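What follows is a group of structures, each given as structure tokens.
In the two complexes that follow, chain A is the common piece, with chain B as its partner first and chain C second.
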Partner chain A sequence: MALLTRLSPAALRLLALLAVLALVLIFFSTQIEGYLNGRLFNRISSSVAIMALIATGQTLVILTRNIDLSVGSVVGFSAFATGSLISNHPDLNPLILLLYAAAVGTGFGMLNGVLVAYARIPSIIVTLASMALFRSALVEYSNAKSITSESLPAWLTDFPNMPVFSLGAMEFRAGFTASLVVVLIVHFALTRLRPARQFFAVGSNPEAAEMAGIDAHRTIFAAFALSGLMAGLAGFMFLARFGNITVVAGLGFELKSVASSVVGGVNIFGGSGSVIGAFLGAILVDLLETSLVRWAVVSEFWREAVLGALILLAVTTDTLFSRRLAALGARKSKESAK
Partner chain B sequence: MTPTLALRAVSKNFGMTAALTDMSLELFPGEVHAIVGENGAGKSTMIKIMTGIHQPSSGGVEIDGTAATLTGSKAARLRGVAAIYQEPMVFPDLDVTENIFISATKGLFLNRPAMRRAARDLIARIGMTLDVDRTAAGLSLAEQQAVEIARALSQDVRVLIMDEPTASLSAHEASELRRIARQLADDGVSVVYISHRLEEVFELADRVSVIRDGKHISTKLIADATPQSLIAEMVGREVGNYFAKTPSTATTETLLSVQGLSADGVFSDISFDLHRGEILCMAGLIGARRTDVALALFGMLKTSAGTVTYKGKPLKMTSSREAIDNGIAYVSEDRRKLGLAMALPIRWNISLATLEKYLSPLGLIDTRAEIATAWSYKQKLNIRTPNTEIAVGTLSGGNQQKVMLAKWLNMNPALLIVDEPTRGIDVGAKAEVHALIRAFVAAGGAALVISSDLPEVLAMGDRILVMREGRQMAILPHDSATQHSIMALATGQKDAA
Partner chain C sequence: MTRLYSWEGLLFATFVIIFAFNAAFTPDFLGLSNQINLFQLSIEKIILALVMTFIIINAEIDLSVGSMMGLSACAFGYLYQIGTPAPAAIAICLTAGVLGGFLNGWFIARLGLPSLVVTLATLIGFRGLARVMLEDRGIGDFPEWFNALGQKGLIGPLPFALLAFALLFALLYVLLERSGFGRKTYVIGSNRDVADFAGIDTARHKIVLFTLSGLTSAFAGLLFAARVGAVRGDVGSGFELDVITIVLLGGVSIFGGKGTLVGTLLSILIVLNLRNGMGLMNITGHIQTGVIGLLLIASVVIPRIKFATSRGSKPEATS
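Up next is the complex of A and B:
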């Protein structure tokens, strides 16, 4: 207990999440034959490579007491737009292509940001609407055509699976590694850059933020722009991984990204959380999903229900846990004051 | 000497209401300048002008002798003006170090070790001990205030405004805070100290200004002021010419008898009887804990000692449902938050607490009966509205207050507890609300009215219970109460008899 109270609550949360991840792995390895192997790692890591980016952006938005439901549509649009650009100009510099994807995403994010931060419309309404609008824009833009992997240059479709380094049976491929690097950069920025602290401040106590001279509008705008940027990058990854892009690309990613963040300990009411947590959350959600598919005990009709129940369990445990911890901390400080 | 900050003939209007009129004030380096005034005298507006949250409608702010436009709290902080409040403004999810440096504007990278060291130095400078790694959520109020003061110091504060900083602190914490305020002034900061506690003002301040009704009344060296002179200036207006006293309708039948009621750390030893036909007013300043006594009677605050007898039987105070079933109604001071559903029609609001009265045998709402009730209250209470279907939020404050009263009167309560019945409504509507409450008690009920408006207390109260910081100072019969005597008790200048 002494050790537990010495660690920061944030570190404890991450530890708890790692413990749950370990438990899930152990449990399924007793249930499914040949479960723990390199293939499992590959499968999870290549899918998390996309979701981790989206969840990172979603976390930034949730920290400011908002939500971004348009990310799935932004991923779809960015994947399609990037795909059609490279199909028409196969010799395009890869860096320019990446910047294009980022710019498309950021543009959509800024649109959300203006409406939420400056027009002061609740984010759930703005992004619910823009989710539909961006998706329709994609349908219109695609003109009922799809991007196929044959039309893409080989460097692009090979990129996600390029091996970078290995740890035992775990092969880190370029897609996952790149995404991991982005998460680590954002984590570093969020914890070590001064302006980044304002995301936490605005979500923790908006009134106090105003009194402390923080520009809440600019902070919220920045969160949405960054969320768009992340979704744009995720669109690039999505294109590279799947090659075939239709108008339903990225459908449902918005809820999965919220689930990843919340399972990862990001407070849905803003003010606390970390992108590392959201990253682990994305892994946990994906691991559960993948494992349930292979677990014969649960029929496919019940899979969604089990997944939902497990997410609820994770969040409930986390809430109760942090509440207890806060009570414990308060008691301790009271005692030391006496 | 040039004043660090000065207000020059500042006026501030909100719509038709003048919150400040021609306010002038000079703050010099190294002084603790106390500001005293009744609730609603304009102190908060003045602070908001000094800290850039409001812009003056006319007049201006000077810093170091030159005119300054403070466009927001950030601009004010950059000029060295900061404020701390009774309820500290901290970020519960961030730790002490992060809270202190949240307003910093220089540097891109956070240097955590250096920040922690600086935070520790700032905390030590104000003579506190505090773990700089703790999250603010677990800090006591006094600790949170220390964090706010440290934040101000980190930005080289030159004018520190403290708004009722000790209202929620224990005696020891309050004296610590006063020590800090004095120390800051000795370091050359101009400290503005707003307090209802006159003894505190006399202990700490170098100069004292009285404001009343949004106007500057006087500024004196503390040696030239006496508690009596300050109270006289705070109350100011002539007594008795504001509202006529409604004649008493009190009977001798006791409805409610409270003996030694206490709630740990909130209020203690409250005792009074309330008779049918009587209006008992509770007077006091912010922080006197009057609302908490009302909440306790209404079953929403746990008590630790004392007995309450109601209609001759012990009253269980466990839930608001129980209170309502017993015929006790509580009309909250916060219409917006606790009282009315602003977007819903008048009719729905009136029947909200008593909907079971309007159910047809099939369990559907009998709209016709509901409308009839709403119309009868519209007539009786003179609610000025074309019909009862429009949203309550579109009515004026006075009419909203009447709808709220209608909602509770429709319950046919025996005991009506009303918290600040006329806050923010105009004089004509005030008199109407007074008459309504009097009519209610005359018909056999009893009312406990909490009011910070002294003329109102004198106009309504058959007896007046004065509270101060959770203690009952006295119960004055109407005929021997004056604004001066109530204020003297409420500020602690006169002790409980």
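Up next is the complex of A and C:
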């Protein structure tokens, strides 16, 4: 109990998530031969590299009490547009290509942001519509062609697998390391920088935030623009990792990113959560999927059913736990008032 | 109320324009078989839209309808393949729908979890169970009478599914507009706390609605199996978004408390005719969905412009 009171609920939530991750690893290491090795880390880190970026953007949006269902379409568009730019201009500077992917994503995100923050249309409607719109823009733009990895320069397809440093058997590759750096930067900003704290303020109480002089519209707009930016960068990573891009690239990423955030303890009603949580959530989701595929006891087709149960479990424990905590806090403040 | 009437008037005018356009430019459009086909091709979605209207008026959302459809269709295929007689398999599938819907409702109403998250989890979970049963196989060769129910006319040229849609619309219309249950749906949707204080068992009401949604989704899954004559793990995948789009376009507020089944019906007519017309003009499915998306945004923006002066500023929030 002493530990319970000393640590903040958010820190406890992260510890719980880490504990679950450890339990999953221990469980499957007893079930699958040669499970805990460098290959497992590589497999999961390269797919988490993409989802972590999207989940980070999604978390920023959810913090402000909104949701962004268009991220999957933005990832697809960004991957395709970036791929077609580099195949038409193979000598392009890598930095310009990265900026292009970022700009494409930010552009789409700003469009969502204007409609949600300034035209005041509920985000679920805006992004439901823009998910379809961005996807049809991609279909138009692609002109029934697809990007193939042969048309991409070697530096791009090699980038995600380039080793940066190793910790024991764990080899940190460039793609994953880059994503990790982005997540840490956003985390630092959210916990330490005043402008980024506004995401929490607007999400936990929009009216109070307005009274405190925070421009709630601008904050929500920024959240969507950043979510677009993250999805744009994720599109770049998607292109680099897979090379072959069709019009269905990134389909379904919107729900997976919401799932990662929610499993990571981000409150769907806004105002609380962390990008580190969403990052760990993305890892847990991916770890379970990868492990279930290799587990001989059940068919690999169980992975979606298990994922659904996991989300339900995470939200249920979060809600019940935070209610218990709130009740505890109320009792305490009553006692101190006496 | 004037706003509602004018919104439905606008929808009706839109429908008339699209309908006239289709009729003028496509020779076979007005034929009875094309008109029936128009409904038949999207029959599952439009049936789901009717119950989704109740859910959204109640200020909730059900993202799991497409997956429940898939679960029911796959369960039917699986049970039939292992030798269960078709009527028993149908009964089991419908029961699964009731249980799945109840599960959603219980988590949402009794534990107070947001429906967006609960049904997102069951969207993934129900789909997972469907895949566990069929893995990557497809199952067909259902009994003759079962396929005929989905493909042939039952009364004259009218197929069973279309009659079921009409009957369900009539029943739900009476339920929403003329019964206490319907009034409660609106009251809980516009202010749950007030409804609680007024002595309404809001939790039970929500559970009933989600159970109804699960049952209807299971029914829609069976209709799909009969209409197509075969099932796969991805039956109904992505339907939830189309269904929600139809309901919102029909003027049902995402914040709950507002909307009508007539609005949903008009929206169904608009979407079906628009897709049919675009299909005849060789516009692909993805672009069609994009146009519907534009319409969805327009459906929220247009009334705002018209009524901007009478509306105060409201803080942003989503369900």
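One rule holds in what follows: the second predicted complex is superposed on the first by the 326 of 338 C-alpha atoms of A that agree within 3 Å, B and C clash if a C-alpha of one lies under 4 Å from a C-alpha of the other, contacts with A are read in each partner's own complex, and residues count from 1 in each chain.
Criterion: contacts are C-beta pairs under 8 Å (C-beta built on N, C-alpha and C of every residue); 3 or more make two chains touch, one makes a residue touch a chain.
If you're wondering where the values come from, they're calculated on a predicted model, not measured in any experiment.
**Student:** Figure out whether A:Leu128 sits in contact with chain B (first) or chain C (second), or with both, or with neither.
**Tutor:** A:Leu128 sits against chain C, while chain B stays out of touch.
**Student:** What is the contact status of A:Glu171 with respect to chain B (first) and chain C (second): first, second, both, or neither?
**Tutor:** In the superposition, A:Glu171 touches no partner, neither chain B nor chain C.
**Student:** Using the superposition on chain A described above, determine whether A:Gly271 touches chain B (first), chain C (second), both, or neither.
**Tutor:** The answer is first: A:Gly271 touches chain B but not chain C.
**Student:** Return first, second, both or neither, reflecting whether A:Glu207 touches chain B, chain C, both chains, or no partner chain.
**Tutor:** both
**Student:** Could you figure out whether chain B or chain C reaches more residues of chain A?
**Tutor:** Chain A has more residues touched by C than by the other partner.
**Student:** Both chain B and chain C contact which residues of chain A?
**Tutor:** 207, 210
**Student:** Under the definition above, what is the set of chain A residues touching chain B in their complex?
**Tutor:** Listed in rising order, the residues of chain A that touch chain B are 8-9, 191-195, 197-198, 200-201, 203-205, 207-215, 267, 271-272, 326, 329-330, 333, 337.
**Student:** In the complex formed with chain A, which residues of chain C make contact?
**Tutor:** On the chain C side, the touching residues are 61, 107, 111-114, 116-118, 120-129, 131-132, 135, 233, 241, 244-245, 248, 254-255, 284, 286-287, 289-294, 296-297, 300-301, 304, 313-319.
**Student:** Would you mind writing out the residues of chain A in touch with chain C in their complex?
**Tutor:** 64-67, 115-117, 119-126, 128-133, 135-140, 206-207, 210, 216, 220, 247, 255, 258-259, 262, 268-269, 299, 301-309, 311-312, 315-316, 319-320
**Student:** Within their complex, state which residues of chain B touch chain A.
**Tutor:** Residue list for chain B touching chain A: 51, 53, 72-78, 83, 89-94, 98, 101-104, 107-110, 112, 131, 133-135, 137-140, 151.
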